[in-house]
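Everything below concerns the one structure shown next.
Chain naming follows the written order as A, B and C, and within any one chain the residues start at number 1.
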Amino acid sequence: MADLTASRTKPVAAPSARKARRMTDLRRQPGFNAMAWGCIVFLYSPIVVLIVFSFNDNRSVVRWTEFSLRWYGEAFQNKGIRNATVISLQVASVATFFATIFATLAALATTRVRAYKGQTLAYAIINQPLMVPEIVTAVSTLALFTIIKKATGVNGIGYLMLAHTVFCIPFAYMPIRARLEDMDLTMEQAGADLYATPYQVFRRITLPLLMPGVFAGAMLAFVVSLDDIIISLLVAGPGETTLPIFILGQIRRGITPEINAVSTLLLGLSLFFVILLFWITRKRK
Amino acid sequence: MAAQPDIAAAPADGLAQAQSDARARRRRWLLLAPALLTIGLFGLFPLVITLIYSFLSPGTYGGVTWEFSTNAYTQFLFERDIFDDTLAFSTTYLNIFGRSIGLALVATIGALIIGFPTAYFIASKPPEQRNIWLFLITLPFWTNLLIRTYAVLLIIRDEGIINVSLMQIGLIDRPFGMLYTDGAVFMGLIYSYLPFMVLPLYASLEKLDFRLVEAAYDLYATRFQVLRRIIIPAARPGIIAGCILVFIPGLGAYITPELLGGGKKLMIGNLIALQFGSSRNWPFGSAAALILMVVVMAALLIYVRNAGKAGVRHG
Amino acid sequence: MKRTTLTLGMAAVASFTLAAPVLAEGKLNIYNWGNYTSPELIEKFEAEYDVEVTLDGYDSNETMLAKVKEGGTGYDIVVPGDYMIKIMIQEGLLAEIKPNEMENFSNMDPKWVDVWWDEGRNYSVPWQWGTTSFTVDTEVYDGDINTLKLLFEPPAELQGRINMLNDMNDVINAGLRYLGYERCNGNVEELKEVTDLLLEAKQHWRTMDYSTIEKLTSGDVDLSQNWNGAAMRAREQRPTLQYAYPVEGFTGWMDNVAVLADAPNMDNAKLFVNFIMAPENAALISNFARYANGIKGSEEFMDAEMLTAPEIVMPADAPTPDFVKPCPQETVDLYNRIWTRLKG
């Protein structure tokens, strides 16, 4: 599977060493490297501050006093933070799961086909959640869910998950579609020539080739769901305080470094997962 | 670029062709159904409710009463005079819209200026290094946006790291007020949405065939010419996608402007949120939201159409 | 890779089914302001009555109202501010639980029984009460701080160093008081004057934000409109801060515990209402958030510094706090326009 993925980039990447060096040189544009490094510094300096202050003994998130793990202990003991973190992860997992599946199916139906009636419309509908300011979605979704809740008497966290699924779909869809548009068709044609059924072609060739896109889509959806605040704020029911809602409450009344500690832990956790993913794919090679 | 063949387009003649077409069509809609139904029912349908709300009258303490009214829309452009109750043209809300649009535009351009070289830099790396770089770009996303914005605030505030270090090395003798300015909001927006710019740009640039670049140099093109005639046209789909992905959330953003801007000025997002909160005017909030959507749609339409034309010319 | 996806998917589905909350016996869902509820209090209640408590936070009365008004939230207990209690009773959102017939009602300070937002206490009981005024760093400004002049015509050393609450009512009410006009004022001439005052003063304000403690302790500002409990918490980190009792007057407020009309756990909710009227429990509330609670005898259980704090114990010559009633819709509309113009 990994070999197939790699083969696509080979023609560009595998010329002789001397030629490769010359090409890398030609690829450079003045100032671009500095800009890229600047971008990384820009993206990371706040995070470094965040991590550093999670180890600060003082209650203040502004002044450094001395190293301590105290806020990690307090974060673990803080029931509010703990619950909020679990809820956030649950909602993000479920929304990502469904959004990624729906987006993959939709991407298969909207890419690499001859233009058909309704294609643009389908495309527009899928991207609709991106085109609407969040606050509008939030209020109108609340109104709709209330009607449903009253009519059916069904409550629960499912509504929040559903709301997240809706806006996660376009985020998952983009990378999957990009990957599909980009894919080499010869493999699939060869498969079909060798009398593979369409299903076999899909299972054995298309899907594995598509996997990096699917993963990218799932990751994006997950992160977007974890970050969402306005929609969650309005749609969440009892016991459904997500981490951003909790943090917003904290910011309004004075933030404590416990939040820094939780953020650092979440960052560590995601780092772990991504490295695990890297490691698994590499091992397969 | 060669047209990509349709996999489903194998059989040749008459009836078989028609049957296969019908099957392909059915399959297509079946695949689309889950996404379209989910978004249609829970994304689009609620907007119809918003549209209805915008033509109703505000309820006493929030909500709506079922009484038809176009006040929400007239209120947007006209203000009832505090003294003699006459309607007069008012730019209050237009100003708020203008400010938000301007800020979102500047943030989009800023993100493009930072994001483009970054994406190009990554795309020009050997494949095995690219993933690591992409990972570096997306990693900050795993920390909550609110917290990251808050961390930006910690850095640029009067007693933040930048001011303290500048004072220590003696470059300035009193804090340089960066926080609570338009510049801070602008920076915060770029910071929040930069990865949304870099990723699509990278996706386009990664497909760039560097042999074209090589050929151009062989034909004595300068670096700038290569950038303008080869690299930027190749990145066009990514530029469009990236700009859209930064511009729209930037337009509706209200927590970043509140945290970093100090909350003295309203953004469209604040204005709408306020109507559903302490201002208790849901119809006006709905109307403002719909007007915002129309603005976004119009901008998109013009943008995509022009970009599409330009794309054809270059393609 | 496929197996990983499958496992992830199954985990997601499993968490979905497990997460669906069941509103069974022995539960209580509380919806309170964020970071405002003593965890100790909740633990004690859980242990005493064998009830599992869920706690969620909101950031403004209006957010809470927007959600509760739509119905079917599943919450039992809410903690609205005074004017919001009045609104919610009018809107039929609260259950008439008759706290005045409950066992611990005798502990309530009589001055909080016949209040305009819940005459005779048929719906709600006090959670905490406080004042909204402002805090000044006396090291930066050493003149008389007990005047609203500092907010609207600040001396040079405070210009550009002021944070106002990002709250329409708090800002406009302060302006009305400074000019000596009535609150909830529909008089357009007077409101016009207030508008001019605010627009003129705005250039001296650095921020308009709710996070007052952080603004003051980080040194972003030297004066901030503030609530008294927050003022006390800020002073613990910046000792030169002082809470002002302006002669022009200042706002008093009370957050009250009430039960929603559609509460799924009505009996437990009533137990909780009675529970917090016990002095030792009310003291837990105050020790956590640093506001007074309105229950007699709770002082004995309160932290020593609260009993002497100048933010909590008002000086004898301070004006009486002004509990502002909800304004009629026409006035709210006028306020909205002033507010939009101020921030537009």
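Note that in this section a residue touches a chain if its C-beta (ideal position, glycine included) is under 8 Å from a C-beta of that chain, and two chains touch if they have at least 3 such contacts.
None of the values given here were measured: they were computed from a predicted structure.
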* Structure fact -> Among line, ring, star, complete and other, the chain contact graph is complete
* Among the chains, which has its CA centre at the largest distance from chain B's? -> C
* Does A-B or B-C have more contacting C-beta pairs? -> A-B
* Provide the C-alpha centroid distance between chain B and chain C, rounded to the nearest whole angstrom. => 35
* Asked: So, what's the distance in Å between the C-alpha centres of chain B and chain A?
  -> 17
* Contacts with two or more other chains, residues of chain C listed in rising order -> 63, 66, 218
* Enumerate the residues of chain A that touch no fewer than two other chains. => 62, 143, 248, 251, 255
* Where in chain B do residues touch two or more other chains at once? -> 157, 159, 276
* Could you pull out which chain A residues touch chain C in their complex? => 1, 59-60, 62, 78-80, 87, 90, 93-94, 96-97, 142-143, 146, 149-150, 155-158, 161, 208, 211, 214, 233-234, 236-241, 245-246, 248-255, 277, 280-281, 284
* **chain C residues touching chain A - in the complex, by the definition given at the top** => 1, 4-5, 8-9, 11-13, 15-16, 19-21, 23, 29, 31, 33-36, 39, 54-59, 63, 66-67, 70-75, 210-211, 213-214, 217-218, 230, 233, 237
* Which positions of chain C touch chain B when the two form their complex? -> 60, 62-63, 65-66, 69, 87, 90-91, 166-169, 188, 191-192, 202, 205-209, 218-220, 329, 332-334, 336-337, 339-341, 343-344
* Asked: Which residues of chain A touch chain B in their complex?
  -> 6, 9, 12-13, 20, 23-24, 26-33, 35-36, 38-40, 42-47, 49-50, 53, 61-63, 98, 101-103, 105-106, 108-110, 112-114, 116, 122, 125-126, 128-137, 139-141, 143-144, 162-163, 165-167, 169, 173-175, 178, 182, 185, 188-189, 192, 219-220, 223, 226-227, 229-230, 243-244, 247-248, 251, 255, 259-260, 263, 266-267, 270-271, 274, 278
* Asked: What residues on chain B touch chain C, complex-wise?
  -> 58, 60-63, 79, 82-83, 92-93, 95-96, 157-159, 179-180, 258, 262-266, 270-271, 274, 276-281
